[in-house]
Amino acid sequence: MLIRLRKRLPPDAISRVLRVCTELGLKARFLDGGRELLELEGPGGPEARSRLEDLAGVLAVLDAGSARELFARVPPGPRQAAGDGPPVGDTVVQVGAARFGGGHVSVIAGPCAVEGEERLVEIARGVRERGAAMLRGGAFKPRTSPYSFQGARHAGLERLARAKLESGLAVVTEVLDPRDVEAVGAVADMFQIGSRNMTNTPLLVEVGRSGVPVLLKRGFMATLRELLLAAEFVLAEGNPNVVLCERGIRGFDPSTRNVLDVGAVAHLKRATHLPVIVDPSHAAGRAELVRALARAGVAAGADGVIVEVHPAPVEVHCDGHQAIGFAELERVVADVRALCALDQRLLVTPLPQEVLP
Amino acid sequence: MLIRLRKRLPPDAISRVLRVCTELGLKARFLDGGRELLELEGPGGPEARSRLEDLAGVLAVLDAGSARELFARVPPGPRQAAGDGPPVGDTVVQVGAARFGGGHVSVIAGPCAVEGEERLVEIARGVRERGAAMLRGGAFKPRTSPYSFQGARHAGLERLARAKLESGLAVVTEVLDPRDVEAVGAVADMFQIGSRNMTNTPLLVEVGRSGVPVLLKRGFMATLRELLLAAEFVLAEGNPNVVLCERGIRGFDPSTRNVLDVGAVAHLKRATHLPVIVDPSHAAGRAELVRALARAGVAAGADGVIVEVHPAPVEVHCDGHQAIGFAELERVVADVRALCALDQRLLVTPLPQEVLP
Amino acid sequence: MLIRLRKRLPPDAISRVLRVCTELGLKARFLDGGRELLELEGPGGPEARSRLEDLAGVLAVLDAGSARELFARVPPGPRQAAGDGPPVGDTVVQVGAARFGGGHVSVIAGPCAVEGEERLVEIARGVRERGAAMLRGGAFKPRTSPYSFQGARHAGLERLARAKLESGLAVVTEVLDPRDVEAVGAVADMFQIGSRNMTNTPLLVEVGRSGVPVLLKRGFMATLRELLLAAEFVLAEGNPNVVLCERGIRGFDPSTRNVLDVGAVAHLKRATHLPVIVDPSHAAGRAELVRALARAGVAAGADGVIVEVHPAPVEVHCDGHQAIGFAELERVVADVRALCALDQRLLVTPLPQEVLP
Amino acid sequence: MLIRLRKRLPPDAISRVLRVCTELGLKARFLDGGRELLELEGPGGPEARSRLEDLAGVLAVLDAGSARELFARVPPGPRQAAGDGPPVGDTVVQVGAARFGGGHVSVIAGPCAVEGEERLVEIARGVRERGAAMLRGGAFKPRTSPYSFQGARHAGLERLARAKLESGLAVVTEVLDPRDVEAVGAVADMFQIGSRNMTNTPLLVEVGRSGVPVLLKRGFMATLRELLLAAEFVLAEGNPNVVLCERGIRGFDPSTRNVLDVGAVAHLKRATHLPVIVDPSHAAGRAELVRALARAGVAAGADGVIVEVHPAPVEVHCDGHQAIGFAELERVVADVRALCALDQRLLVTPLPQEVLP
């Protein structure tokens, strides 16, 4: 590791930094006369890095060296080595018929919130027929106001179970409360951790322990390092099945609900071996822009798309402005397939329904 | 209420909106030939408003009328009335010796994280002597990385209990997990809901049910309406003791850690009857700027200040860059007192220690 | 037009608004008893709208009706009509061999700043061979510091003239000062108005008067309406040849220099008939992400790409981190061509060099 | 200087960096085996720094050492010295009766735009009587739309000249175009460079050459280093009379027009010897919040306030929502005076009118 200290740090603060280094089993050496640059040698992992970053007087860790995290594309290695080891290959996360990463691209589609059971089954079949490999649908909804519809909750989970059975599609649904992880996990093939809960670490730890795959949405104002460290909370519990999702950051222009950060997709594909998908529905906030943003995300390298679909957007309980209909989903899937072909990637679609047992 | 529909909404969408209005007991009337402006009359509360906002086709609620929330300074009233009723007076939240709102200003001080017991007692006494009316200190720490120090946890709560006893100061400490509300509430005189948990609605509901006062920090990218609606989750559970805290929003300039939004303080004092305080430590991220920001916050109308204090910042486990020492705290308290005097507000300080039973 | 007044506006303010309406030849009618919604009928153009927006007491123009601007995709029409007229078709801007809009896509490539003449000619030929239809290169450079290289200035213009001649490519170059419009226009086939000058209205007026095509970059913190109104300054001078450029907005994450706002591209293609291109180089700020962002921009609907290219990025005078080499440009052009084919759009490339006179 | 290179930079890039160092008369020495940290010794000024920052392969200048700029509070000094020299004392900028910096605080007040002459004289006298030391008023207005009122222009300058004469107050007014510097400078005692022109370097150079004091507003999305470097364009032309102005940055919450960044004020007072004032009117965008923001700015250390005042806000041609009346100005001035007293600073007010010759 290479760390930079504050300028003219008082001797007792320097001593304290050196003492912590010794405790961590790291050999420290100042590179410069001004005692601002400290090179550390030894087996320190990311815990060592975090401990050092927290110290008063430490400005920045300039080179993490061996202290890399589980999410890192480049494996940990000593700082002075001729070079780092070969980058880690893509993690492929498989959920039912869907696969994300390693050249596999999948589309997740479904309503914002779970409504009536018949409607949900109709949607599940409809999106499957149009090439979606997974169903999305919220039973527990995170809402800004206590007076808004908070989702069908446990009844919603039952309807999702039925829709799974009827459509053969795996299901991703949001969990908001660590106390609900067990109940939601009994139905969900994949947990969604929403944008507002990216920093909810007790929840991240709980879904990490569950072993169930996790779709982790970027907080709408989170840096990419914050997103990756949120994923690390799940990985560190022994659950390797994390799919990251870029869903738009908060901007200042009212034309779109959020700003889809395609540079984040491109950067994440280099920084981590975890799959990355995009959510054009929440980014756009307007149905008529969803298709363009889905294209942009996959063109930037995303391993999938999650999109809100509703056959009758006018009846939607929440976020109705951004749901697309079946016909538009068909166009989105066709676009994604064509974009995959440009790259020798594969759009994964479910087997025909009749093949189901 | 007055709502605006999308332009050229199809007849079935309009019918659906009107049907929902009827269900809500509201009489609807279009104001214009273009059928975009709908005036609603009736006893609809904020639930009605939320239900309408969620409807596809509804662009915005232009005037909430009777649908105002519990936090509102101006009480709900019918839209066409000659005027709204008189504004609601300030809620005064009392926690131990501290009072916030209604012309009362208090300073909360203490370490970022609870460390050793002797140290904590020393700090508690030290901040009390310098005029702080409450002690802050984190036992459960929200951290960006799973490898960072997550706080002394239950041991930290015990140390807080001891520091309360020794100093006579009431204590505010953060709670991160709804499952910890009971344990934390056994010690805390006030729960802190941190910036990262402002949207953690299960946690808000749980602290709402506890009846214990709540210090609710604004998410670093939350709008003021989002903050107020987060407070509403607590108020709606019957807990009126909510203090809002502006702690800086995420900006783009590295000179300060966050941007203290003093305009938010000024706006909130008009929009709600709840007290508002500022956290200059997290806003500045640099000890040498804390005093200036504390002054700015109180000058803008804040009912208090929460500030990180440590007698030996060099030893701090986290965020050591931003803690101020006792001498600087003394200057901050003096500034706050002087600013209160300009306004006929009162800085509330604890009784001298010897008066304690 | 439909405008919304502040609530409970005093009678003299209302009278003043009504007087201004009369002066503008508009018939005004309140829609509601609360006197907040005012419907205006008459031939008022965008000047009327601006005048009204400036008035104290006017909260917002909800519907511009006939007051639409020259950039608008949807033509001006009366508010109460059965519907607006058909949308305006794409403006096609032609600059030398390049065409933007109406299904035509072109790539502009070249160095950040003009350096030596031989080098520039080499680059011009190199990018032409790889499919770029225009050459970019800065002679006058906008810099953050007065001590930075400000460009080769007039000598740079001469070198651009030579590179044009040798390569047959049209040239776009930045103008910073209204006093330089004539000199720069003697060489440039297209003026670039950089991000920092989007709000420099005297400069916009001057390039508007010149009649030379204009590449107008979005300010890195400008809303899309602000960008379109900046274009309107050029259009209003009788110069219809404006190409808009999304080049990334300022974000909070250091992974990329800026955030390429692909939602802006998608929105602009609906809001205006003007062509829209993307600048992935300034958005990414890192050569290795440029290709992904170029793809994302064109997939979102952009009519072209402007990209920094340098055969030896290590020698670049400014922004060397973001220039790509010839081989990568070839990949970018191939990607753009493939993306165009998905949409039945056409990548416009220059005629083979030997055909030149 | 201490600079950090990219990791594993190829040998030819390293050679080029070293060659440039030699050209600049700097002795370079690698601090580490990985060849990432380069210490430079020698008399290199800010030009050297800029040249190095521009080089491909240079990640960051970690310590500017002798390359500090004219605006810097801490004077340039060699890197390895025992310490830097004593900080530079405050620059005091005097404009007519007003003084900014060095413990002097002044209030600038007046209308957004210059309207009729009688009205302007009335305002000038009115603000003088209430303690403002300078008059503000725009003759040339920067507007977002070409159809908005662009100011009374040359006629406005004449009216300003008359108001100066009648009130005895010095005048600050905006200049938008380098070609207008002479005409505006014939009347203005101080040029205003508006937020949208902070990066208009030809304009900065021109006002720098004029020698007339400059009020430089921070771009609404500019970092503080960008603001200081904009000031450097003026200082480098030999004009030391620059007053910086924080006027709010663009945020995401509609409650205020912009976010007044009081942390910027506190930081700037440490980073530069130039005076810093705040503009609460543009920050708030709402008259009722102006007073609170003026207080916050001065409490944070600002050397003055510039505020929009109009005796009949309802008649204002632009930005009428944010102008305060005479009575509120009186309260603002009283607040500023009281805040100055807390700090042993002095509010500078004009001599009584009758003393004028």
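Labels A, B, C and D are assigned to the chains in the order they are written; within every chain, residues are numbered from 1.
In this section, a contact is a pair of C-beta atoms (placed from the backbone, for glycine too) under 8 Å apart; a residue touches a chain by one contact, two chains touch by 3 or more.
Keep in mind that this is a model prediction, so the values were computed, not measured.
Applying the stated touch criterion, the connected components after subunit B is left out amount to one piece.
A centroid comparison over C-alpha atoms places C as the chain most distant from subunit B.
Set side by side, the interfaces A-D and A-C show unequal numbers of C-beta pairs in contact, with more at A-C. Averaged C-alpha coordinates give centres for subunit A and subunit D that are 42 Å from one another.
Centroid to centroid, with C-alpha atoms defining each point, subunit A and subunit B lie 29 Å apart. In this assembly, the C-alpha centroid of subunit A lies 33 Å from the C-alpha centroid of subunit C.
Counting only residues that touch two or more partner chains, subunit D has 221, 225, 250-252.
With chains as nodes and touching pairs as edges, the resulting graph is complete, every pair of chains being joined. Interface residues of subunit C, counted against subunit A in their complex, comprise 221, 223-225, 248-249, 251-256, 258-267, 269-271, 283-284, 288-289, 292-293, 295-301, 335, 338-339, 342. If you check the complex, the residues on subunit A that touch subunit B are 10, 12-13, 16, 45-47, 49-51, 53-57, 69, 142-149, 176-179, 196-197, 199-202, 220-221, 225-226, 229, 232-233, 236, 250, 313-321, 323.
On subunit C, the positions that touch subunit B within their shared complex are 2, 4, 7-8, 31-34, 36-37, 39, 62-63, 79-80, 83, 250-252.
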